[in-house]
Amino acid sequence: MQVNNEFKPTIVAFCCNWCSYAGADLSGTNRLNYPANVKIIRVPCSCRVNPMFILRAFQRGADGVIICGCHPGDCHYTTGNYYARRRMTLLFSMLDYLGIEKGRTRVEWVSAAEGAKFAATMNEFVETVTKLGENKRLEDLRCKN
Amino acid sequence: MQRIGVFVCWCGTNIAATVDVKAVAEALGKEPGVVFATDYQYMCSQAGQDMIRDAIQEHNLGGVVICSCSPRMHETTFRKTAEKAGLNPYMVEIANIREQCSWIHKDMPTATEKAIILGRAAIAKVHLNAPLTAGESPVTKRALVIGGGIAGIQTALDIADAGFPVDIVEKKPTIGGKMTQIDKTFPTLDCAACILTPKMVEAAQNENIRIFSYSEVDSVKGFVGNFHATIRRKARYVKEDVCTGCGLCTEKCPQKKVPNEFNLGLDNRRAIYIPFAQAVPKVATIDPNYCTMLKSGKCGVCAKVCTAGAIDYKQKDELIEEDYGAIVVATGFNPIKLDHYDEYAYSQSPDVVTSLEFERLMNAAGPTAGTLLRPSDGEHPHTLVFVQCVGSRETRDCGKPYCSKICCMYTAKHAMLCREKYPDTEVYVFYIDVRTPGKNFDEFYRRAVEEYGVHYIKGMVGKVVPENGKLKVQASDLLSNEQIHIDADMVILAAAIEPDESARSIATMLTASMDTNDFFTEAHPKLRPVESPTAGIFLSGVCQGPKDIPETVAQAGAAASKVIGLLAKDHLMCNPCVAEANELMCNGCSSCEKVCPYGAITYSDKEFPGPNRTRVLRRVASVNPAVCQGCGACTVACPSGAMDLKGFSTSQIMAEVDAICK
Amino acid sequence: MQKNQELELTATIKRISGVNPRLCMKCGKCSATCPAFDEMDYHPHQFVDLVDKGQIEKLMNSKGIWNCLSCFACLERCPRMVEPAKLIEAVRLAVIRQQGQNHLKPEQIPDFLDENLPQQAITSAFRKYAK
Amino acid sequence: MVFSYFPGCTLKTKAKDLDLYTRKSAEALGITLEELPDWQCCGAVYPQAKDEIATKLSSIRSLASARDLGYSLVTVCSACHHVIKRVNHDMQTDEDIVLRANNYLQLDTPYHGETKVLHYLEVLRDELGFDELAKRVKNPLTGRKIGAYYGCLLLRPSGEMQFDNPEKPTILEDFIRAIGAEPVIYANRNECCGGYITLENKPLAVKKASAVTASAKANGAECLITACPLCLYNLKENAEGDMPVYYFTELLAEALGVK
Amino acid sequence: MQELIKAKAIELLENGTVDRVLGWKTGEFFYDLTPAVFTSREEIEKDFVYSVFSGANLSKYLVKESRKDGKVAAFLKPCDTYSFNQLLKEHRIWRDHVHVVGIACDGMCDMEKIRAYGAKGVLSVERDGDTLKLETLYGPMTMNKADAEAERCICCKSRKLVAYDEKIGEDGDVIENSGRFDMVAKLEAMTPDERYAFWQGELSKCIRCNACRNVCPACTCEKCVFDNPKSGIAQKAAVNSFEESMYHIIRAFHVASRCTDCGECSRVCPQNIPLHLLNRKFIKDINELYGEYQSGADLETRPPLMNFTQEDCEPSVVYERGGKQA
């Protein structure tokens, strides 16, 4: 049996129900490939994504987390993604401040019509995270060797 | 732990060609709590649904996971299936193994592995699902329309036609709005009064419609289906039910020098007045700012001449309380003030007028009885210059950044009417762009140019100088790259339009959102254009954005149909996936309320058991499930985690995260 | 002129003036309101247009730059806050900053003087037309 | 009421009247104008270029010196007012200019636009009040029809000058009313008279100035008042016809009985 | 100062304005002052202490105290009044049950710094203007108060009392350029590896005693998410090292746009972890990205995390700005 040593990162994608989840469906409908490492969790709106979810994902072994929502101004709930945008900006900045690699987190606005963008974003994100390798830093942050 | 059944769909070959469905069913069958797992060619078919129903009953399933296409496709189908089998529909979760798995991966082992993980996540979530029941709230079968212009009237008529009572609240003494001041309507040039006044009368006579003219909405409380409004009927010092509208008082009143707002101050009215002949209701109103009797207690002429005895100088504002199921905002617009555009000499010469003033000057019921005369000297004007985009598409503070949309068409109309009635006139229109998207609109504009010989000049007017009875117009002609000078008799400014100044306070009252220009925002700009994001609030007419009469009427009808759809229900089924505050953990800090786009969260002081059998009073949040739309913004704003979202709870999402990252 | 040179010149004009010509919606109000329009070969709206298109040389050779009255009417009345007057001044500066391109020379002054001419006229002329 | 006073070079030479009557009227009104000890010419034209700093320094020195004295800075000449007000605005808003200017000047305390710049008309309107002025008038100019000529520099750009509504100004008309005369409103009162171009293109200056006086005359003005020496020169010397033009301070002094 | 405060406390109690007084008393050591409630003249005369070690922020105690019957007087320093306002804004304190006596403050002292100065066996510290008079086992000594000032006071953000019913002493102004973000900026300028090493060094010391949370005036939740088994992140004790860092990130995030930067978290940390640097990072980011905001400065302004503008920056701004790449 062939052993594949290539690192396959675990990626969690939070997608809002109204735009990005539909965008992900569309990339499926159009048979646009992206790596199987990406697993999507459906949330009603990007503003439902609690920083705790992201940290929890990293804690449980995720190597990258991406949040997708409607484009600013197009939120199904009018304002949800604006709040998400501020929250994620601050959280990402904090992770960077702690020395965690910037590439492991990302926010992308994907509309229901942007199946191609969804697939392209995922391909790109997986590539970035693959280059970064396994997520060790958050785990080891407290263990001074 | 739930007893869970897993159903893996082949979707013909759509899934089965890339995902080893049997392996998936087998693997998921071993997950904790799963007591039944199977696969089938088409789960959504009748046979597939029967299979699910039977399994639920046979295995006494408490939760169902269906590995199939996107939940956006068949979630409702499978929820109904579960309900038929006696299971709460919200105990069903879908693992999307088609759009998000089989269709995007080519390699079977990879796709199968991913399908199993997605199935696991769904199982983990369903373990934490709780049966949800959609709440119900009653609906008051009465609508409130704020604003009695053409938008408000049309909405009210349509709602009333469907058999529901409607109240129109209009702040002016008569309904009719801006359209009453318009002479002719584009692109057909029929007379505005001829098509509007029958509708006004119809509204007055419709037994389902009550008109509160000269009234304002003081406050609104409640939520969709259950609004409670206080309406202030301002004192008009005339008993509305007694006044016959004979108009004698308006002829005898000695106070003659009151600027007539109906004619935009181009002539005068009395202190007691009926705005115009076809006013609805046709009753007199005393203007307290000018009435000598009200100001100094001396006069009383109107009371003496009124044979009906309708005058009541002691009348007070009256407050009316009423319940409504739906509210329609139809507050309309005004042209902007031109204080900062005096390069056009608006305040220096009476012959420089706004387009709305020009309407009055062309109108048979206007100050000149329909003959176009220069306001300064009553002479017939020969050269007219129209300036478009005065204040529209401006990023300066005094202007508006948006296109006012109606000006190109009414200017073409004015120019055309002018040339038609007075062929001896020269008419110039200065434009930046001519925007005429609409049925028969561009043809209309072209007619002005081709048939009526209106001079359309691409460029702007820079300065108007009144001199020796003429208006010296200095402008640019961009196509010939020249500065041109025209000695005009009249200059007509197409002033930008802006939402009525009452809109902002009404929006606050209704917790309806507005954009930076004070236009109401729609629930969705394309798909829900007549609804406000706040449930039960609907938008009609220019309050939502600039529009012409046909569009306004269309939107009014659309808003009415939405209202009818709402009022036709006895109860509102609420989306059960709404936020819920755990009172024991709530700090009452108001963080959630600040981010709620719907105003669904309120606070109250409640007693809770404290230590040593004491009682502690605490401020806690509660969510109105009828208003909450379930976005979840509050759940993240809440520092204590007291706020959670049913159907997408923190623990459910965390369980999914865990299952995926394992 | 070389492409690169043109680009550089355009960038200079934008930098000196601080004006973003893309804000222009091409209404022509600047030229409509300009009191010196007839004395200019390129007019205020063309300054905006040509800077946007990067054709500065035409403007540098125009007589319009010497006839602008600095009355700021175009700048005040522009609905999009483009500030054409600043572009005109920037082009003029680009010219007089070149070696030997002073438009006004001190020896010319005596010809202009009359007994009532205020200081202001001379000072401002030097500021505007000379380096 | 004490203010620092910036007369400007023209007021020391060709526009001595403007200066003289300003001082006399201020004295009569109980307004103390203390001439800045070390003022320098403002340059007469505001340098719009973002990369020029040297041409702004003299204004900044005056502004800083007023700041150190602790008074608002009063100007009378429209051009000085325009230049100093706008340079001050730069010093309040443009970090780049602030940095470079302060680097050049090396003042004891760096200057950040602290000084309030007032035109003498603003002092009359906002500090004294036109109602109060009207009370102090001894010889009201009753029956005189006066056209206010604003010109460009006091009003524009309105965002920086913050002087009055640029298209519908009222300050000079209110002033005219306060001294007992009747203001004549005419469209060209805020249009350029072409003064700046008088050396470069005299015919244009003549044309523009004539347009102003013609517009004023058509609306019934007997004379014009202005705050700008260059406008005064241009309207008097270059305009066709012979419309009398005065500094507003001259009529003020006349009304106050100190001429 | 202490005498003025004690006199005021007694006056308020005796004239019936309040029923209780919230102040400080000596804990285990003379420099270890802890918040305490006094109900009588005798108690106050005996135990009430106000000294250069009265750093403890009393605002948080008002959450519970203000809910009791009767009225409580609280002595609040400028930085405490910011916390007080923030708690009022969040409806955590019943304002009409509290009588706030604002007290001017020009900086508290840190015993560690006195020790670092070379004082050993210190028995008491007395302030006399700008100097501190120390009694030690080895005889008296003096030092400049400035040399003993706590780090958080050296870069004090404001000496202004933003909420009070009456005040003792003259308070100062908001201090621009306090330099409180200097360390954050220094960290930001490091490479990610250096930052990582820094935080790894600091956070490794954490013993999860929860002192930072317990003292924090922004952490007044009825039930903390870390104590709530249903929250999904409850931790009695950390399961793995990751949870510790998660604890600090979540805690910082929960107080983001609410933290007034009072610095209590770092003061009480037994391991001397500079926890305030986490909070200050959020404050600095908020100031830079969304405009200057100071929690507790007023009761009206919307906290930045509960607000937005359509033109807000995208989260990708984090990738683009600041910090050298590894």
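By letter and in written order, the chains are A, B, C, D and E; residue numbering begins at 1 in each of them.
To be clear about the criterion, contacts are C-beta pairs under 8 Å (C-beta built on N, C-alpha and C of every residue); 3 or more make two chains touch, one makes a residue touch a chain.
Values in this document were obtained by computation on a predicted structure and should not be read as measured data.
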Least hop count linking chain A to chain B through chains in contact: 1
Touching both chain B and chain C (chains): D
Most distant chain from chain A by Cα centroid: D
Most central chain, Cα average position: B
Separation of chain C from chain D, taking each centre as the mean of its C-alpha atoms, in whole Å: 24
Distance from chain E to chain B - Cα centre to Cα centre, in angstrom: 47
Rounded Å distance, chain A centre to chain C centre (Cα mean): 52
Overlap residues in chain B, where contacts from two or more other chains coincide: 343, 463, 595, 637, 650, 654
Numbers and ranges of chain C residues touching at least 2 other chains: 73
Multi-chain contact residues (two or more partners), chain E: 225, 231-233, 305-307
Pairs of chains in contact (touch as defined earlier), listed by label: A-B, A-E, B-C, B-D, B-E, C-D
Chain E contact footprint on chain B (complex, rising order): 584-591, 594-595, 603, 616-619, 637, 639-642, 650-651, 654
Sites on chain C touched by chain D in the complex: 15-18, 35-36, 39, 66-67, 69-73, 75-76, 85-86, 89-90, 93, 104, 112, 114, 116-125, 127-129
Chain B-facing residues of chain E, complex: 67, 89-92, 220-225, 228, 230-233, 254-255, 258, 302-303, 305-307
Chain B-touching residues of chain D, taken from the complex the two chains share: 165-168, 185-188, 191, 214-215, 218-219
Interface residues, chain D side, partner chain C - complex: 8-10, 13-15, 41, 43-45, 47-52, 55, 77, 79, 152, 155-158, 166, 191-192, 194-201, 204, 208, 229-230, 232-233, 236-237
